[in-house]
C-alpha cells in the first residue's frame, strides 16, 4: 500500500536550507544532460561531472540542464552556487514531498510540479519535477528515471520542429509543463475506464472485493486531486505574471495549459461524483440482496411451517382421534396441505414476492 | 454507455498547435455554408471548396461562414491562414473535448460552447461548437450534423425578421448562442419530466432497475452541470467585456442570455437536490420492505412454532401420558392451539403489525 | 404534482424580444388599475382599455399602474411603447419563469420578484410580479389574481397613512416589495408548523406516508430557497445602488427589507437542516423497528426450537428407549422443557432483550 | 418544544415603522435604570416614569439608560423622540425576531444582539438586546428579566474598577457586549458536557431515547449557530469601523471580542462535527445489534433444525425401518445428534460467531 | 477523554485585562531563560527572578526571553510593564484557550500558536505558545514543560550554525515557528500510520471497537484541523506584512513555513476524506456480514424445513397410509429427502449463495 505521506519528520528540527533528501535512496547514479541551442545550432551532451555544467555559461541562446536523480545533495549545492539559486530553493528541490508551487526569486522563477505516471501494475507513481527558469537557462530536476516524458521534447529540439527552437527558455519550460500536463489525460482515461468497468461490475452484481476496489479508486482520485489543485494555481499565476522571465508570446500558450489544468480538475471532480454514485448503487445492491434472501427464507418458512404443524397434529398419540380412523383421512390431509400451499402461493403472488 | 472522457491521449507529446482531430471519424463530407448580408441584401451559398471562403473578403456587411464537420484538419488550416487564426485556436477547434471558454486574441474573439441535443433514444448528445468573431465576420465550426439549431437563425436572416440583419457579426454571434442556450431548456424539461416519472415510480414501489435509472439521471445531471458552469463564465465575461468586437447595444442582449445560463445552473442544481431526495426515498423504501418481509416471517413463525411444539408433545411415545387417554383430550388440545393463536393475534394487533 | 419547470421550450428558436406568454391561459380578462397621487390628492380608477394608461402622463406626482393578468401580449406592447420599455423587458415580463432580478435601463429600473402565496389546500403558489420604476411612475405586472397583497398598500394610499403619499415612486416600489417579502414570513411560519408536526409524528412512530411528507416539505424548501436567494441579490443591489431613481431616504428602508431577506434565507437554511434531521430520525426509527421485529422472532424461535426438538426425540419409535417406560418420564420431560425455557429467559434478560 | 420562528406574521401588511411588539406579553412592568457617570462621579436611579429619562441631558460624562421590558411601545416612542431615534430602529427594537445586526445612522449606532441564557431546566433561552450608542449616551433595551448579565458591569461602574469609568459610551457598549459574548462560553461548556455524556451513552449502548437526544443537541447547535454567525459580522464591522462614535482605543478591545466570536463559531462547528460522528456511531451500533440478534437466531436454528429433522425421521411410522429395531439404535442416534451439534459448533467457531 | 473546550467560564463577567490563568495548575515553578546574542557573542542564563529580565535592556543584539510556565500572573504583569505589553495581550497569553492569531500593536507583534506534541500514550497534547516580537527582543511564553521543541534552536544559537545568529529577532521568531510547524509533520505521520492500520483492520474484518477507533481518529483530525486553519492565517498575514519588525529577508523564509502550513492543511483534509472512506467500508462490511448470516440461516432453513415436513407426514398416525406398509417405503422416503436436498443445493448454487 502506498504511503499517504513521506517521512518528512527526518527533517524536523534542522535549520532552514539544510539539504536532506527525504525520498528513497535508489543508489542509481545521477544523470545530467545539457542541451545548448538557439534557432540555428544545437549541442547536446550527457555527463556525470558537475563541473561540466559551469562551462560556457555566457554563450547566446538557451541552455537546458536536466538532472535526473536528486539523491546527491552535494551536486545540487555546487549547481546552486554556480547558478545563484537560493538555499531554500535547493531544500525544496530535495524535499520531494512539496506541493506544486511557483516562487518568484527575481533572478529566477522556481516551479515545482508532480509528474504522474502509470506503473506497469496499474498503480499511480508520482515524481517531483522542479524547474529553475533563468533569463537564458532552464534547469529541470527529476526525482528518478521512472518516466521519459521529456524525450519527445528532446526529439523536437533536435529536429527543430514547431516553435521550440525559436522560443526562449520560458517556451521550453512551457513545453515541458505541457508534456507533463498532457500525460495527466492519459491517467484520467485509465481511471475513467476503470470506473466504467467497476460501474458495470456493481450493476451486474457486486462481489466481496468491490468495496475495496471502489475505495482504491476513490483514494487515487483523492491523490490526483491533491496534486492537480495546486497545479492550477501555479499555471494560473504563471499566466497572469508580468515577470520579465515569461514573455508575452509564451503567455498565450500558458493560458492553454492553464485551461487543460481546469479541465483536469473538473474531470477529477466528476470522477468523485461518479464514485459516490457507484458506492450508492453498491450499498443499495447489498440492501436489495438482503431483501431477496429474506424473501426466500420467508416464503420457505411460511409454506412449510403450517404444513409441518398439520403433520404434527396427526402425529399425536391421542387415543380418540376420529380422523385417524377415517379411510380417506390421509388423502384428505394431503389435500388440505396442498390447499394451504396454494393459498400461500397466492398470498405471495399478491405481494409480488414471486 | 457513453464514454466519460474522450481519447485525448492520442495527442500527448505532440507539439502545441498540432492539428489532430480526436472525435470519431464519421466519414461524411465537410459542408461549408457562406452567408454574406447587410441590412438590405443577402447572398447565401453552400460549398465544398475551401477556396470559396477566401473570395470577396472586403465587401461591406457581415459574413457568416458555417463549417459543419471538422474532421479534415487541412481545410481548417487553410481557413486559419486566410482569416489570421492562431494555431492554438485551430487546435482547440479540432480538440472536441474542450470545456466552454472565451479567449480574446485582440483581432478576434474565440468562443467554444457545447451544443446539447436530445437523441431519438432519449440520451443526450453533446457537440462542440466554436466561434471565431472578427470585426465583420463570424466563423462557426460544428462538430457534426446532429442538430439543426442554426436553421431558425438562417431563416430569420433570409426573412429579415427582427434586428438580426441590422446588427453586426456580434449580434449574429449572440443569436446563435441564444439558440444554443434556449435549447438547453428543452433538455431541462425532458429531464424534469423523467425525474417526475421516476419519483412517482419510487413512491409507488421501486423495482430492480430503479437505482440504475436514478444513477442514469444523476449522471446526465453531472454532465449537464459540467457543460453549463463554464458556459455561464463565458457569457458573463462576454457581457462584461469592453472588447471593440462586442458593441454596447449587443451587451444588453448578452445579459439576457447570461441570465438564462444562471437559471439553467440553478435548475440543474435543483435537479441534483431532487435526485438525492429520490434516492433517499428509494433507500427508505427498501428498508421498509425488508421490514415488512420480516414481519410476515415473524408472524408466521410466532404462531406456528408454539402450535407445532404442542403437537410434538402429544406425539411423544411415553407409556404414561394421562392426557392421551382422556376422551376429550384431542379436542381440548385443538382448543388450546386455537387459544394460543388468538393470543398471538392479539399480541400482534397490539404491536400494530396486523 | 407541481411542475418543476415551466414549458419554456415553446420559445426556443424565436428571435429575442418575441412576446409569447408561457404561463397557463386563464381566459380571465386583464384588469388595469391606475392610481395618481401626490401628498394632497389621489385619483384612482380601474379600466380595461389600454388607452386610458396614456392619458395625463405629465401631471406632477406619482402614477401607479397595476396590471393584473399578462396573457395579452398586445396590451403589453402598447404599454411598452408608450412608456419607453425595451422589448427584452417586455419579453421578461411575459416569460413567467424568470428568476428574480434587477436590471438598470438608465430610464427605468426593471425588477422581477416572485410573490408566494399559500393556497387553500396548503400548497405554495408562486406568481411572478414585475416592476418598472420610472422617475415618476411605477408599473407593476401581476401574473394573475391569486393574491391580494397589494390591497393594504392601496388602502394606505387612500387613507394617507404613514410616509407613503409623501414618498416618490421609489418609496411605493419599496412598500410593494416590503408587502411581498413580509408575506414570506407567513409562509415560513406555516412551514415551521408543518415541520414541527412532522417531527412529532416521526418521534411518535413514523407511518408509510411519512417519507413522502418529508420529501414534500423538502421540495417546498428547495423551491422557496430557489426564489429567495436571488431576491436577496436584487434587494442588495437596490440598497447599494446610486441610481437617481432610488432616493437616499428610501435606501434606509430598502436596507430593512434586505435584512428581512437575509433572515428568510437563514430560516430556510435552518429548515433544510431540520428536515435532514427529521429524515435521520426517521431512518433510525426504521432501523430500530426492524431490530425489534427481529428480536421477537429470535426469542420465539430460540425458546420453541429446543422444546420441539425434545418432543421430537421422545416421539421416535425406537424399540429400546428406556425413558419411555419410566413412570415419571413424561413429567420429567415437561420439567426439562420448563427449565430450558427458563434458561432461555434468563439468557435474554441478560442480553436486555426482555 | 421551542417554536422555530416567532409569529412575525402579525405584522404583515403594516406600514414600515409600525410599533408592534411580537414577543410574548409578560404583563410585568417596564423597568428603567439610569446611570450617569464620569471618571469622578456616578449617580444611579431606577424609575418607571419615562419623563425621568429626558432630564439633565446635557451634563458632561456618559449616560447609560437601560430599559428592561419592551412590551410598551408608547414608552419606546417617547424615548425615541427625545433621543432622535429613527422609527425603523424603534420597530427593530420591538421586533424581537431580529438577527444580530449593526446599523449606522450617522447620529447613532444601532446594534442588535442575542443574549443567550441557560434556563434552570437546561434549555437555552434567547433574549434580544438592542443598543443605541450616541456620542455621550448608551441606551440598552432588554426583552425581559431573564438574565442579569449586566449586573457585574453595574458593579464595576459603582466600584470604579478597571478602565470602565474612564472610557466613553463606546467602552461601556464594548463592556456590555463582552459580558454577553463571554456568557456564550458558559453555554458552550454546558453543550460540550452534554455531548460528551451522550457520546459515552452511545458507546456504552444506545437506548430508545438516544436519537431524540442527539437531535435535541443538534437543534440547539443549529440555533446557536444561527445567532453566532451574524454576531461575528456585527463585531467585525464594529472593529473595522471608523465611525467617530467608536474611538481608536476601544477598537483594540473590540478586536478581542471579535476574536472570541470567531472562537465561538469554530467551537460550534466542531460541535456539529462531533454530533454527526455521534450519529454515525449510533447508526452503526444499531446495525451491529441487528447483526448480533441475527447471529443468535441463526445459531439456534442451525443447530436445532438438523436435530429435529433426525428426530422426525425416527418418528416415522414405516413398518420396515431396521434401525428402530436395533438395540443400540437410540443411543446411536443421540450420539449422531451430538456429533451434528459439535460440527455446527466448530463451523461457527471457524466463522468467529462464537 | 480529552475535554473539548477549556473552562473559560471562570472568566465570564471579569473586566477585560483581568489576568486569570484558566489552564491546569501544575504547581511547578516558572522557569525563565534569557539568551542575549549577536553575530559574535552569546550569553545565556536561567533564572527564577523576574528582576533579571529587566537588566541590560539596551545592549545591541537580540534578546530572547523564554518563559516556561505561565501560572503566575504577577510575573507576567511585571514583565509586561517592563517591556510595554498591553494588558489585553497579557490576558491572551494567560488564556490558554486562544486560537492561533497575530496582532500588530505597532510597538510589537503578538503571535499565538498551538504547539502540538505526541504523548507517550499516543494521544495529542496541545500547548499554547505566545510570542511578543519587539525590535530587538523576542519573548516566548510556553504553557508548560511538555515539549522541548526549542532545544535544537538553542543549540544552533550556541553553535552559531546557519543564519540564526546573523538574523534579527524576527529570524529567531521564524526559526521557532518553523520548529513548531515542522513537528506537525511528525504528528501527521503518526496519524497516517494509524489510519493505514485501521484501514487494514477494517478490510480484514472489523471488530466491535473499530467504530470507536474511527471516531477517535476523526476527532483528532477535527482538533488538528481546528488548530491548523488559523495557523495558516497567521503565517499568511506575517508573510504579507510590511511591518518594520519583519525584515524583507525573513519574509522569504516565512513564505516557506506558510507553504508548509498549506501542505499540513491539505494533508489533514485528505485524512478526513480517508476516514470517511474507512467508515463507508466499515458500514458496508457490517451490511455484508448481516447478509452472510442471513444466507446461512436461509440455506439451513430451506433445506431442513421440507425434510422435516416429509418426516412429519410419515409420522402421522392414520390407520390407512399405504406407503407405511411398503417394504421399500423407508428407503424411498430417504431417497426423496436426498433429492429435495440436492434440488435446494442446485437452487442455491444458481443463486450463487454457495
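In this document, chain identifiers A, B, C, D and E correspond to the written order of the chains, with residue numbering beginning at 1 in each.
Here, contacts are C-beta pairs under 8 Å (C-beta built on N, C-alpha and C of every residue); 3 or more make two chains touch, one makes a residue touch a chain.
For reference, the UniProt names are A, B, C, D, E = Magnesium transport protein CorA.
Source: prediction; values computed, not measured.
Identification of common neighbours of chain B and chain E yields A. Rounded to a multiple of 5, the C-alpha superposition of chain B onto chain D involves a rotation of 145 degrees. Taking the mean of the C-alpha atoms as each chain's centre, chain B and chain C sit 26 Å apart.
Per-chain Cα centroids separate chain A from chain D by 42 Å. Taken residue by residue, chain C touches two or more other chains at 283, 287, 290, 294, 297, 301, 305, 308, 312, 315-317, 321, whereas all remaining positions touch fewer.
In the cyclic arrangement of chains, the order starting from chain B and heading towards chain C is B, C, D, E, A.
Residues 149, 152, 156, 161-164, 174-175, 178-179, 182-183, 185-186, 188-189, 192, 195-196, 199-200, 203, 252-253, 255-256, 259, 262-263, 266-267, 270-271, 273-274, 277, 280-281, 283-285, 287-288, 290-291, 294-295, 297-298, 301-302, 305-306, 308-309, 312-313, 315-321, 352-353 of chain E touch chain A in their complex. Against chain A, in their complex, chain B makes its touches with residues 1, 3-5, 7-9, 11-17, 86, 88, 92, 97-99, 101, 103, 105, 208, 211-212, 215, 218-219, 222-223, 226, 279, 282-283, 286-287, 289-290, 293-294, 296-297, 300-301, 304-305, 307-308, 311-312, 314-317, 321, 323-327, 329-330, 333-334.
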